[in-house]
Amino acid sequence: MKQKTAILLIHCPDQEGIVFSVTDFVSKNNGNILMLEQHVEEFEKHFFMRIEWELENFSIPREKISEFFGTLVGDRFGMKFSLKFNDFVPKIALFVSKYSHCFFDILSRYESGEWNIEIPIIISNHEKFNYVADRYKIPYHHIPITKQNKAEAEAKEIKLLKENNIDLVVLARYMQILTGNFINEYPNKIINIHHSSLPAFAGAKPYESAYKRGVKLIGATAHYVTEDLDAGPIISQEVRSVSHREGLADLKRKGKNTEKIVLAQAIWLHLNHKILSYKNRTVIFS
Amino acid sequence: MKQKTAILLIHCPDQEGIVFSVTDFVSKNNGNILMLEQHVEEFEKHFFMRIEWELENFSIPREKISEFFGTLVGDRFGMKFSLKFNDFVPKIALFVSKYSHCFFDILSRYESGEWNIEIPIIISNHEKFNYVADRYKIPYHHIPITKQNKAEAEAKEIKLLKENNIDLVVLARYMQILTGNFINEYPNKIINIHHSSLPAFAGAKPYESAYKRGVKLIGATAHYVTEDLDAGPIISQEVRSVSHREGLADLKRKGKNTEKIVLAQAIWLHLNHKILSYKNRTVIFS
Amino acid sequence: MKQKTAILLIHCPDQEGIVFSVTDFVSKNNGNILMLEQHVEEFEKHFFMRIEWELENFSIPREKISEFFGTLVGDRFGMKFSLKFNDFVPKIALFVSKYSHCFFDILSRYESGEWNIEIPIIISNHEKFNYVADRYKIPYHHIPITKQNKAEAEAKEIKLLKENNIDLVVLARYMQILTGNFINEYPNKIINIHHSSLPAFAGAKPYESAYKRGVKLIGATAHYVTEDLDAGPIISQEVRSVSHREGLADLKRKGKNTEKIVLAQAIWLHLNHKILSYKNRTVIFS
Amino acid sequence: MKQKTAILLIHCPDQEGIVFSVTDFVSKNNGNILMLEQHVEEFEKHFFMRIEWELENFSIPREKISEFFGTLVGDRFGMKFSLKFNDFVPKIALFVSKYSHCFFDILSRYESGEWNIEIPIIISNHEKFNYVADRYKIPYHHIPITKQNKAEAEAKEIKLLKENNIDLVVLARYMQILTGNFINEYPNKIINIHHSSLPAFAGAKPYESAYKRGVKLIGATAHYVTEDLDAGPIISQEVRSVSHREGLADLKRKGKNTEKIVLAQAIWLHLNHKILSYKNRTVIFS
């Protein structure tokens, strides 16, 4: 059985003694450190850290760690920190429209137990994949979106997310733009896959634009959703080369492969508490 | 010794019988075809072809091939075509400013005989690399550029290119924008290296912008220069992944490696007559 | 609707006039050539070609093309050729053991209509995925393999393949070694995915070996199965970089992503008649 | 001006309190930690760490740090550790035979000041590049190697390395196998570039073997030299895809590009004290 661990993600302005104070806190309380990564950003002199330690024998009870750490260490350095546990099973809401490749890929990983997650709801603006949700016995909510009903539809969605205690929203090629109202309910908790290597070809029809521009690389980008369209913190990116012999259909076919791998990689990083967002960028402790 | 070959690069609206007519022309005149690649672009139904055959035993003399092909085949299909010979030794003018990595890399390939080229002149807006040109006994023309003297300086450069019968201009991180006047003298004969994966981060300071945006891939793009800045036909592109631990200096260091490889690859493709430009895109017969 | 096309894959010792004769055959009979690729291997002077043309207006009926081509062109040059049609719907037999990632990925592509195929049977040495086959209403044959029953089990499998007119066998991480007897029934018609960048780490436990050797790249290879274990003609390969921070479980997780993409790519190439096998190597007309 | 830093590379069996003790040592003595990376290998439970801190204000003088750290921390945990300083300028001996691409690339980086190094000697078994060494005013030692004189020749080489206080030996496509006698003088201080993606195609003529095997990826590997040919700890690897249209000359041309980048990357990692070797593997703190 896998050992239980606690993870702290920390950032603050750089000051002397931070690493020492954090490791002192863990060690003094009998926590065995398994992994520590830390660095200082060069321009802003901002400090970033991820530390993971074994909970067995740790003398502070789980539910008190955050309070103790804040009082004894965090407040002193003006830290923003979040505490995670590796045995936490997050609840994911899956949003999908009409493309199946990312959707099927995520469900396959879920089914095979590759990720330790729950998927309490699937939400779609189309009926199309209701039968797929049935296979997995996951409630499927068909919420059509029109210009007129958008506010109302999103309110319905948010209500569902709240009722199901959703921790992470995954947009698996969900072809609707979320409003700021929705996004602000889940900061750094909505992952989208965009089918280009951002910032190139943001917005609609990136494959068509890439084909027209004659690029030699086709990419995909997973990012946290912010109010600026396709401009949120980038989590993962990959590209594949394309040749002149490859038509638009080939670009889309190859792109789909990249999309599903990149999205899955981003979800994995999020689930394993490897991402720290700061000022529209991410630090990835991979 | 390498066999001598002729290469035809052809494009025209698709019609029946083109491939047959071209291969008929070559075969009837005793040319042994070594390589043929052909395809039709899906949206415009435009036909592209590259064919290479042995000159030994070919019954039409070199200097007459273009005329004969035009009359017997090209005109009939409304083709744009260009005829090349694999034993042609092109004359390259090297433009450089203050960065050495692409400049040194090209000179190293030249010195080792990797490319069958001549470099009759090096042009720079700085004195810096005069001593390097001396090593290779290549005339080094220091032509400073200011807002005021730009037209005059370019006139001087064009005169030098003409006098030296230059076939290809390579901008090895030459940090000046050429005017339309200059560019129009050498259509599809000026190759530039831009230090980003275009169309992302066109213009100045791409590494700084990439760092700020937090991308996970750093790239370089070699392209033919057109009047639209960094928007000409793309020849080759590559990217490398970067992590949060890597600062701006690391991005630049990694990027330089990518730049020199991508630029060399583009030059190689041009030298080997593998590139066909059409409507701001390239067909690469690699 | 997509136009119907015929595809010829050809190889033979290089001789003068081959390209001309083939295009003459197609053009004289009113076939519009859509794509042609041809080259000559440098050491053996062996000729390889793929040509695709529209069937509409082609004056030779489908079922006669092969005979006519053989008589009029093929025999003269001593060609080995195979004729394919782009509207052919191949029948695939899927073999699987206990790993789901490639298996689910293929079924997802099948379900979404990404590939124009039929999957008449799934064969496994385990019961595990019977319920998955049920979803797709594909007969699932559980054929356990032991040292003792191998010959008998394979005979049963071959009988099933024959009865179902199987065109292609896909080993989706099927953890059994096929005997020569089986393989010889389906030359260049069995695709396997091996979880390393062959020829490195052939045989069992490649991830364990890669971890132990400390390689910085983890790959996967799809190949046609021959009697030499993991030594058949390579169709496609990809790698991903791994770091020291990544344990064996990470290698396997990343590797699975690579495996499913590489296997799918190989199947796509096979389905689109882009592969020509010659002397344990493949020519990929991609 | 760049701040001066000290770097500790540490490994030992995992025990409680290591990170705390190390950071305590640094912090108590007024060292500001800039970067810390640490992890525990999963199978052997072996602990690895790299820590870098500012020397300004550090209360222990440079020349005493190693002694103090050993006594106060290292000995207690049975650590193997090495202390480095970022302002150290290492002396590199360059070995070359007849291929110029890596050799020219390294000299270009040296000339441009990309690396903060000295190159006191170049050693070659051929006269060929004497004139290049002259350019850089680096003594060039032509030491021919035959079966008969190998021991004697190596003795001469080792003497030269010692006299010049060489810190790192770089084999820039040096086509001679070093004996154990030589290698043992410079453990983890000899970097070789092998022109394949090891462990595939170790030994002679890897491009020929790769071509014959029909692989779709061509790679290069930089590694520390050990007595087992091409089997030392791998530092960096990259691959490039190749197609059927590419002959042996293309593989070599593409491969050379990969070789020089991979070798340069390995040298950079070594120069920046980012490599820790353990049991024939490397930990790369990149």
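Note that the chains are named A, B, C and D in the order they appear, and that numbering of residues resets to 1 at the start of each chain.
Assume a residue touches a chain if its C-beta (ideal position, glycine included) is under 8 Å from a C-beta of that chain, and two chains touch if they have at least 3 such contacts.
Just so it is clear, the model here is predicted, and its values are computed rather than measured.
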Equivalent-chain rotation between subunit B and subunit A, CA atoms, steps of 5 degrees: 180
Chain whose Cα centroid lies at the greatest distance from that of subunit B: A
Chain pair with more C-beta contacts, A-C versus C-D: C-D
Distance between the centres, which are taken as Cα means, of subunit D and subunit C, whole angstrom: 41
Centre-of-Cα separation between subunit C and subunit A, whole angstrom: 36
Interface hub residues of subunit A, defined as touching at least two other chains: 35, 39, 243, 245, 286
List of subunit A residues in touch with subunit B within their complex: 39, 41-43, 48, 197-201, 212-217, 219, 233-239, 243-245, 247-248, 280-286
Of all residues in subunit A, those that touch subunit C in their complex: 35, 100-101, 104-105, 108, 111-112, 114, 135, 243, 245, 253, 256-257, 261, 264-265, 268, 286
In the complex with subunit A, residue positions of subunit D that touch it: 16-20, 23-24, 26-28, 30, 32-40, 241
